[in-house]
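For reference, chains read A, B, C and D in written order, and residue numbers begin at 1 within each chain.
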Amino acid sequence: MGSITAKSGALSSTLAHNAYGKSGIRLTKVTREDGKQLFKEMTVNIQLEGQFDLSYTTGDNSQIVATDSMKNTVYALAADHDLKDIESFAVLLARHFVGKYGHVKQANVHIVEDLWHRIISNGKEHAHSFVSAGNEKRVATARAGREGAETEETIDADVQSGLENLVVAKTTDSKFFGFVRDEYTTLKDADDRIFATSVEMIWHYNNMPSDFNKTYATVRQIVLDVFASHLSLAVQQTLYEIGKAVIAAVPEIEEVMVTMPNQHRLMFNLEPLGKQNKNEIFYLVDEPFGLITGTIRRGE
Amino acid sequence: MGSITAKSGALSSTLAHNAYGKSGIRLTKVTREDGKQLFKEMTVNIQLEGQFDLSYTTGDNSQIVATDSMKNTVYALAADHDLKDIESFAVLLARHFVGKYGHVKQANVHIVEDLWHRIISNGKEHAHSFVSAGNEKRVATARAGREGAETEETIDADVQSGLENLVVAKTTDSKFFGFVRDEYTTLKDADDRIFATSVEMIWHYNNMPSDFNKTYATVRQIVLDVFASHLSLAVQQTLYEIGKAVIAAVPEIEEVMVTMPNQHRLMFNLEPLGKQNKNEIFYLVDEPFGLITGTIRRGE
Amino acid sequence: MGSITAKSGALSSTLAHNAYGKSGIRLTKVTREDGKQLFKEMTVNIQLEGQFDLSYTTGDNSQIVATDSMKNTVYALAADHDLKDIESFAVLLARHFVGKYGHVKQANVHIVEDLWHRIISNGKEHAHSFVSAGNEKRVATARAGREGAETEETIDADVQSGLENLVVAKTTDSKFFGFVRDEYTTLKDADDRIFATSVEMIWHYNNMPSDFNKTYATVRQIVLDVFASHLSLAVQQTLYEIGKAVIAAVPEIEEVMVTMPNQHRLMFNLEPLGKQNKNEIFYLVDEPFGLITGTIRRGE
Amino acid sequence: MGSITAKSGALSSTLAHNAYGKSGIRLTKVTREDGKQLFKEMTVNIQLEGQFDLSYTTGDNSQIVATDSMKNTVYALAADHDLKDIESFAVLLARHFVGKYGHVKQANVHIVEDLWHRIISNGKEHAHSFVSAGNEKRVATARAGREGAETEETIDADVQSGLENLVVAKTTDSKFFGFVRDEYTTLKDADDRIFATSVEMIWHYNNMPSDFNKTYATVRQIVLDVFASHLSLAVQQTLYEIGKAVIAAVPEIEEVMVTMPNQHRLMFNLEPLGKQNKNEIFYLVDEPFGLITGTIRRGE
């Protein structure tokens, strides 16, 4: 977008970048099908980039789509969308804002889904009652950008999927040794430690999968399987194994970014209390925590 | 405990009550059994009441069991306890402090358990890998008090069990009508609303159950069953039905306190946007929220 | 209130206690005076007790004042009240519910005020611009109960005032020694430690003060003064000194409950790194924390 | 860094990027000067990029500086550093890791400072007692990168400063009108609304200022002054005015990124309750919120 400059004598400044939007739009949709009901809840965040300079530099809001209108748009479009998956709804919203307003150059939509499981009662999934899946979230991000004179349907949109807060722990099969030793090293080699983390992943596609929900379920199960079965020599290694397995299992995933904080359980020193700690008694330390990240890409 | 008075001329003041302890003691215990491992995590909170006046009024700490020593005690006792359930560990701790220190009149121990499920991999529960059950917590409270010259084993201890943050929602079978209408009433009758809540329960026993874990599982399933199947005319009514069902199902439970905040999903008004809301599009409001409580007791 | 009993064969249960209300009512009031504006923000929580049994036991809501109506009432009454202090508004609300609805036996109103300071610009307090005072809150609780046939004005109401989250720290003049030493004690005597806490206080009155705001300011300054100047031999002692000073300074305060968590800063052991810690380098531990409480009452 | 590829038949994957470090390192430093004591608290976050591939792809940790060692390093270096400002400490740490370990290509250090004010007692600043400044934080980020064979002192380091959570509100002098109106618009023009936000800023330097603390204090006061005095026609405009004023006042600041969420206070509709809202009674809505960002750069 063009930059607007404010001069005050020798001192001048430019609006080098701008963006604005609405965050924290809480959407619940109930779909009332025969015999059972669907219940989807999510938080939608929208950010637009484009020709909004006048509002910043002069307070002229004639270019401004009110963030309140963005909120209304989410509810209006949700009424007509099946919301089968958050990816398609994010794409719809991103395309909408770029398609509708000629001066919007890019729309970024980020959706965080609160997950619910059907209540199991008398051994059966209940038709309309749910229990929260907790802090674990499914996320999707869509970015739509204007290039030339597209119609809304042909506006290019990029979509990513992800999961957050998948908290896992294993009580054995985790080691950490052979790291750099110098004058700042006091950590001892660990032959058998607790490994606990909160997995966060974002993945990019080379082609759209036919079923985003199936892709999500596949990736999530791979995380659990690899985490459970892998003999870990480092958080880094487990992270890479997870990424590698995802790439191998889902052809449409081109790249996956993985973040795994090391949520340390430290052995409590029982010796001053006259007892031996047989690798059984630990305490959780919230801070500090190791933070390990990596991006695994398809191909060499 | 005796009150100590500080006089300063006509102005005097008394230490009318005191208590102190350690909160937020994070305990992890791994039990390494043949072929599988147990993983228990909890936060222990301890408060003692007794003859601690001198520390308050003069800074003489000769009566004070350091809160750091309370922390050490938790880890030391955990090493020898099977931690099969948090209730028995809470009782052990409460009795310990009253039994060991003659000037401690009462010990209150509150434990909040972080729940973990075994990871299901290849259709089987994994032997040593776990996934977090989220925000839902199991809790226990034990209170031990000194009456005469008991030995540690005979010190009377009261125990309660509970659950927190069991978040549930249903998309139909919830109504609310016939309430008081006056000049401050704008709420309309609801014939078919979403009902979502975060159940919190504390229950008292008339006799100790043989298996606290089984009692907990039974109560939790009753909450889910009643919530799912009950046609709710008020949050109050559902709350009472849950309590009644718990009392009916578990003979050892004498009384149950239930708290159910009404986590409102409000219908979004689509009319100004030229659309009709067919009871499908809602938004969650975190605040304000209705807060409904009740205590259901066995018998008439 | 009368108990209602549910019988199902030999198993029966009773609603032993009930209460409900609205929590999290966010109220902002701007008072536009000549030349300057007042800005008050608070969260109001209401709980009613009374004859609400039918809603619990049968779903008949004819006794139920909707929590939505409670919310409306807060805004309606705020329009006509000067909101000079939260205590008088809490009393007004508590009396209102008991006075208006004959079957309401008791109303509890708890208000948490978000505090704002005027922005100082060019050395002067600005007329209508404010900066948040952070997490520190002022609180008030009013309880109104029905006894016989009062008019609304004569309904008895009890009020308490308080402060929360007044976070303070001192880098010296804090010791802790002479405490109980036994096999669970590893803590060393501290001759010069950091003392940090988040003060919470609730005080009761024997007579209503003429100016609640002045009383609040006085109590808050006493906390700061005593905390700063007192040579602390125990958190307990500082807590008592604060309570004693409050009782001595404000004749209308009959009793004050003080809670002071010990937010530990522990010395980092630099010795393995070849350095000496000259009582300068510490780390904050969020959990566990000592939790010290006491109630100081006027008189002997 | 070089990429390592894992082949499994036709399926191969590459570690495209990696980084790891320690987050949440809580540091407190007390400096005991004559007559008064300095008290600094901060949370340090470290991320390293470099040749760590073997740990990811094979579990060989010989390249890995343990995150525990990073933590130790923070405390060791803090012992010898005056910690006058967080910027110089962030630079020291960032240079240290790149300088000490040849395979570390880049070190990113982010520090969040918890702010404390001296307690004012008897009209004077106390020598060693402090009260928390609340949620407002001062932040600094340093990035050091290896280019050729520098010594530690000559390693290039970039530093940014910032502030977070400076929460401000004004009760008048805020309008919002003239925005886009279409079928998704229901918001009315506002001639006199409450404007509340939590300012977040990050600024870059063209030259290092002689005194980071003075620069911080200047920027913070400008935010307060402009926010208080500016007649706002849009959050965007106020944001730009703040940035412009910062650029004009501090020659060393080249660019400033500003984020201002619009923390909406909405007028409560009193009409159904038979009352008029004279622009006095509002309620705070946490979600959704407008989120306005902009980057203001020196020059045209």
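Here is the rule we go by: contacts are C-beta pairs under 8 Å (C-beta built on N, C-alpha and C of every residue); 3 or more make two chains touch, one makes a residue touch a chain.
Bear in mind the structure is a predicted one, so any value in this text is a computation, not a measurement.
Comparing chain pairs C-D and B-C by the number of C-beta pairs in contact, the larger count belongs to B-C. Distances between chain centres, each the mean of the C-alpha atoms, put B farthest from chain D. Chain B and chain D have centres, each the mean of its CA atoms, that are 37 Å apart. Separating the CA-averaged centres of chain C and chain D is a span of 31 Å.
Here the spacing of chain B and chain C, counted between their Cα centres, is 22 Å.
Residues of chain D in contact with two or more other chains: 25-26, 72, 76, 184, 186, 272-273, 286-287.
If you sketch which chains touch which, every chain touches every other chain without exception. Those residues of chain A whose C-beta lies close enough to touch chain D in the complex are 3, 5-8, 11-26, 43, 45, 47, 52, 55-69, 71-73, 76, 100-101, 176-180, 182, 184-187, 232-237, 239-240, 243-244, 247-248, 255, 257, 261-262, 286-300. Within the complex formed with chain A, the residues of chain B that make contact are 25-32, 37, 39, 41, 72, 75-76, 78-80, 116, 119-122, 126, 128-136, 166-173, 194, 224-225, 227-229, 265, 268, 270, 272-273, 275, 277, 279-285.
Chain D meets chain B in the complex at residues 183-184, 186, 272-274, 286-287.
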